[in-house]
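There are structures below to look over.
Next come two complexes built around subunit A: one with subunit B, the other with subunit C.
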Partner chain A sequence: MSFTIATTIDEALQALATGARPVAGGSDLVVGARHGKAPLPEHLVAIDRISELQCIDVTDLGVCIGAGVNHHIIEHHPLLSNAFAGLSDGSALVGSPSTRNVGTLGGNVMNSSPAMDTGSPLMVLGAEAELRSLRGSRRVGMADLWTGPGRHSAEADELCVAIHIAMPASRSNSAYLRLEYRRSMEIAVVGAAAAVTIADDGSVSAVRVALTAVAPTIIEVTGIGLGSVAEVAAAAAAAASEQARPISDVRASDKYRRHTVGVMARRAVEAAARRALGEPVSVPVNRAAGIGAAS
Partner chain B sequence: MSDIVNYHLTVNGVDYPVNAAQGRNLLSVIRTEVGLTGTKEGCDDCECGACMVLLDGQPVNSCSFLAVQAQGRAVTTVEGLQQGDEMHPLQRNILEEGGVQCGFCTPGMLLSATALLERNPSPTEEEVRIGLSGNLCRCTGYAKIVAAVQRTAAELHP
Partner chain C sequence: MSTTTVPRFVRADGPDKVTGSGRYTADLTLTGTLVAKFKYAEVSHARIVRLDVSAARAIPGVFAVLTQDDVPDVRFGPFVQDRTLFARDVVRFEGEIVAAVAAIDVPTAQRALNAIVVEYAPLPVVNDIEEALASDSPLVHEGWSQYGAADVLVRERNDASFASIAKGDVERGLAEADTVVHSRYVADGCHAAPIEPRAVVAQWEGNKVTIWTTTQVPFDARAGVCETLEMPASRVRIIVPHLGGGFGGKCGFHYEAHVAALAKATKRPVRLVFSRREEFIAPDRRREGIVFDFETGVKADGTIVARKVWLAIDNGAYTADAGFFSQLAAMHALGPYQVPNALAEAHLVYTNHQPSGSVRAPTAPQTCWALESHTDEVAKAIGMDPVAFRIKNAVATGKEGPSGQVYDEIGLVDCIEAATARAGYGDDLPDDEAIGVAIGWWPSFSAASGAYVKIDGDGSGQIITGAQECGTGAVMTLRQLVADELGMQPEDFELVYQDTSAAPYDMGATGSQTLFNNGRAAIAAAGQIAEQLKQLAADMLEASPADIVLADGAASVAGTPSRSVPIAELAGIAAGGELLIGHGSGVPPTVQEVSGAMCIGDVGMTAWVAPQFSCHAVRVKLDKDTGVARVLHVSTAHDSGTIINRIGATGQVEGGVMMGIGQALTEGTRYNDEGQQRNAALLEYKLQTCADAPPIDIHFVEINTPNAGPRGAKGLAEAPNVATAAAIANAIAKIAGTPIRQLPMTAERVWETMNTEGSPA
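Up next, the complex of A and B:
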């Protein structure tokens, strides 16, 4: 048994190289251990006091979000909630205010749940995870990172130190919606994110859609044709329902998930398009769309 | 190898030496090692908010936070809200508004409300409800708790 508190990335990497597992807020690790999902690791290194992991660096090219940045910050950050609004939509829906205080973006990404709320936004934004170890550093796109429910392609000695996202083109924005039965401490029944670029003539010139909680990982929808916002939204809905591979469980049947993920995809395209045109659509879109029972 | 870890926790401004297993959560250490039982164990699953404490002023579910990770940080429990012999305005108002029935959720509600008012001194009703959304109450129906928070906000920032 060991517990160390790292204050630099290098200290954390040293600990990982000798078999320790990282803990930031502990909201997945501690709850998971209690449920018997996986015992608490014997050797832990706390990474929540590493200031290098708390940065949000913005350049003309894009943003680098430290893996230790929590959901509360992502929800309220002025640049993120404007230019990368779909990601802020996702973070704003995680758990409760306390969960959003301790839950980090890096933890969400590396927990690799197919129901994670930041997952489909990161995928449509073309995000990359920066994985670092004593052996070096590499960047991995989301589709290559997530390999199954709770599984990812990172090695045990690699720490996710940051998420990199390129700056969206002009007249582009994103949105994420999820179906939920209540407004807090909820997990997506299904969800969908969209990133949309609007051409000068008002039509959609680029679209990406990804789906939450309808497959073993977050998946990206393929083959959505371009056209007017309404045409693209309808095409995204049809393709989402077609390509979803949902399961039935206590939260919803596969049939219901297949139908509703199409509805979420359509609304995500519509909300992203409104944002791309400069219309104010508050974060999270779920509230504006009236999804979820009144609190 | 022993899994007992020795460290110190600062709870409500008081330093407590702790010897406890590495995997112990903050809730159980506060209740049994520190000896303050205002913080409640409800679901023990990060859902109900009965275990809410403040860590450096921010609400945290202590059932799902490792106690060793709280060393060197300021832990506030419901016992820390009282100001001398006076109740905290939130405590007084939740009583006066009738926002307490069985009382089990009350410590967590008070701490989430404290953090909310610190961040947002004049919240709307919707903002109060979002701020308290990690705290479940099975008795009151929430209306009187929300009223108590809004009344406190109005008192502190008229």
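Up next, the complex of A and C:
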């Protein structure tokens, strides 16, 4: 058993190349070990003190979010919560205040849970994960990264160092909602994200919808026709319910998940459209929409 | 006696708990402490055909592996002696202990568990309450008729305790009613879920054992050790460090004897600390599932003329303290209403589930939920406002309740009026919101209880009490009572609890009885010291003891405040002579016998001393597309007699309401076809969080209650948990257009109900 504290990405990559596994906030790794999901790795390299992983770099082309940026920061970051509001919606719902202060975006992405709250927002925003190893660097889209529950296509020596998202077109925005039974320490029963562009005539000129916790990975909904916001929202709901492949478990039946993921998709399109038109819809939409909201 | 006028509450245990300096049982380490672990049945019903622990015993670092063969062959249980410390021949639920290991560390203990060989022959799993009552159901206890049991219990096959309450002629009453409403409801079981999992540390010195344990009831735990290990009480000492919550789940006797037996066998201290999963699976304390069938007959003017109830409670595999549940549930099912013709029949049914036991107001929240849902159905059927219907039929001062008890001064109608007015009942609301209203009741429990008070030479005092603090603040409030009695400040007193070898008996943190009974004891003990102080002051001030007043830390001559001596000075004098030591118990209040009702299986639950009443009015918003209900506001009114510690009392109501919201919406045990829990973890068993808490308005209806606790106080810890789920149910039913017939009313159940039974629009 060994525990290495890396202060640079290169130090972390060296450790990974010799078989260590990375740990940042530990909110998945440690909890998973305690619950017997997977034992703690024999060799760990701590990446939470690598300043290069903490940056949020904004250019005209887009944003680069360091893998070590935590959910609390993403929830409250002025640019992210405006231009990439769907991602902030997702981060704002993760765990509890303490989880959001230790849990990182990179950790959420590489944990690859089909119920991850930042997953469908990243997919509809067309995000790419930057994977780096001593052998080099590459970018992978979300659809290619996630291969199954808890599984991804990164090699064991690759570290996710950043998430890259292109700047949305004008009159575009995103939203993420989940079905939850309580407001904190919750996991998505189902969820849906939408990214929407509104044309000058008020109709939807582009839409992407992705779904959470209804398949082995986050999935993107296909074949949603364009039209008015109401038409697109209804089409998204129907397509989401039709394309979902949910399971039945102690949280919900497949039938209920199939129905509610459509409701979430419809509401995500509606909220994203309102934001795209400049209406203030606060983060997270779950509270703004009254889902799980007490006031 | 003077009264502390500023409402304040300084919790003696607060700083330790908040800063982390307080010690809980799991924090204790004694030299050479071994780790205890249990081997559980895992299957719900099977005959043990082979149990071989020899390989486990042979592992280096394993100091003992015990089975039922290694302890006295004693069957125990407070109502039915249906249980042994370890499984003997048959296992009857998944959390039954088959063997216990003491080892040098956790991995070694785990290896020992894995090395224990158990082979089972499956027996049919009794997994359904109603099917268990069928005459051809498999028996959970083949030998039930041979067990020792309390004489009053009426038992038959899987029915461990049948109780009935009959008054008037229910069939004639139903026949004479203008409208009869028939309802069926099902409540799932749920958990106390204290945040601190159980822990026990035991150490022997000679033939005496000291056990540090997470119990709410130290003397009960001691009695369990004495019974199962066949020891006199004088050789068993129970100490409770800080307790991280209990909610009833830590009542009773749990594992103290197992750990003591391990410590004896190994001649080493042994510590057991439960995992969260064990906390869900193993204890014989979880809230019982119940199936209900109601019929209520009413006149067109809204007068209840008859009520007939049948209910069956999931006892689980062993009876634990649930023997009185059937009669208690029968009382709650008839409810705090004037019912001239009543019949309630209640069964306590063995299944192969985890045993039920007292969790905060046992049987009451789920029975109130069912009855009050039914009550709204009745009101709706005759087109009457449900609040007006309740006011018309509720028990009131001088009126007779369903068991024939005629009530002294009580404030139920005041509670209904206050809670609904403060909730804005009747105001216009959006069509996805509604206010639901429910009423509840709960007894106070009269019991023997003792305390000592002493004041040392420096004028600082100690209260040495048999009472147990489980987080409610009731023990903390003793400082206020004693200080008021002696004209001192609460901070002048340290509390010494809980140590069965240091303090006199108290029932423990159970039945909302701590302040009700131990408050009386502490006041009596302080009263003895007050007499001593008055005599000392009288001698010094040359006055009659009867003229001495104790106030503001001094003893003064009444009417002549200049003739005064500090109590600390008197304490210094006493330290050189007759010491300032008081002991108290007092006479527990008694309850009138009831007449007018016939009770079978009477365990004394039909007449309540100082009964408490409550009304909750809850505003709910329902997301009709998903069935997710959100509680927006809770308005509560409670008649719990005089409120002595308002801040503490407020905390009890807030906690009870939050527990009630959880029971209403998210907390319920799900079983698989084999009788095993499917959601024995905090992610899938969803407690409410701080982020879910709505504004809670708290109002106390303080009635001058005769025959109650100190200063006219009734109990309070359990009552706020009774009516919340019911009020939420009635709000949801208004919005959904139909009641939800299963508890918890999960989002999916609400959605299913709205989409299968057909809501209006």
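Worth a mention:
As a working rule, the second predicted complex is superposed on the first by the 292 of 295 C-alpha atoms of A that agree within 3 Å, B and C clash if a C-alpha of one lies under 4 Å from a C-alpha of the other, contacts with A are read in each partner's own complex, and residues count from 1 in each chain.
Here is the rule we go by: a contact is a pair of C-beta atoms (placed from the backbone, for glycine too) under 8 Å apart; a residue touches a chain by one contact, two chains touch by 3 or more.
Bear in mind that the values here come from a model prediction, so they are computed numbers and not experimental data.
When both complexes are overlaid on subunit A, subunit B and subunit C end up clashing with each other. In the superposition on chain A, A:Leu44 contacts subunit B only, with no contact to subunit C. Within the superposed three-chain model, A:Val250 lies in touch with subunit C and out of touch with subunit B [touch as defined at top]. Shared-chain residue A:Ser96: touches subunit B and subunit C both.
Contact with subunit C, but none with subunit B, is seen for A:Val263 once the two complexes are overlaid on the shared chain.
Contacts of A:Met185 after superposition on the shared chain: both subunit B and subunit C are touched. Taken together, the two complexes place residues 35, 96, 183-185, 295 of subunit A in contact with subunit B and also with subunit C. Chain contact summary for the complex, subunit A toward subunit B: residues 1-3, 5, 23, 25-27, 30-31, 33-35, 40, 44, 46, 48, 95-99, 101-102, 183-185, 295.
Across the complex, subunit C is touched by residues 35, 96, 179-187, 250-253, 256, 259-260, 263, 290-295 of subunit A. On the side of subunit C, the complex with subunit A involves touching residues 621, 623, 625-626, 628, 630-632, 665-666, 670, 678-679, 681-684, 686-695, 746-748, 751-752. Note for the complex: subunit B touches subunit A at residues 1-3, 5, 22-23, 25, 44-47, 49, 52, 58-61, 64-66, 68-69, 71, 112, 115-116, 129-131, 133-135.
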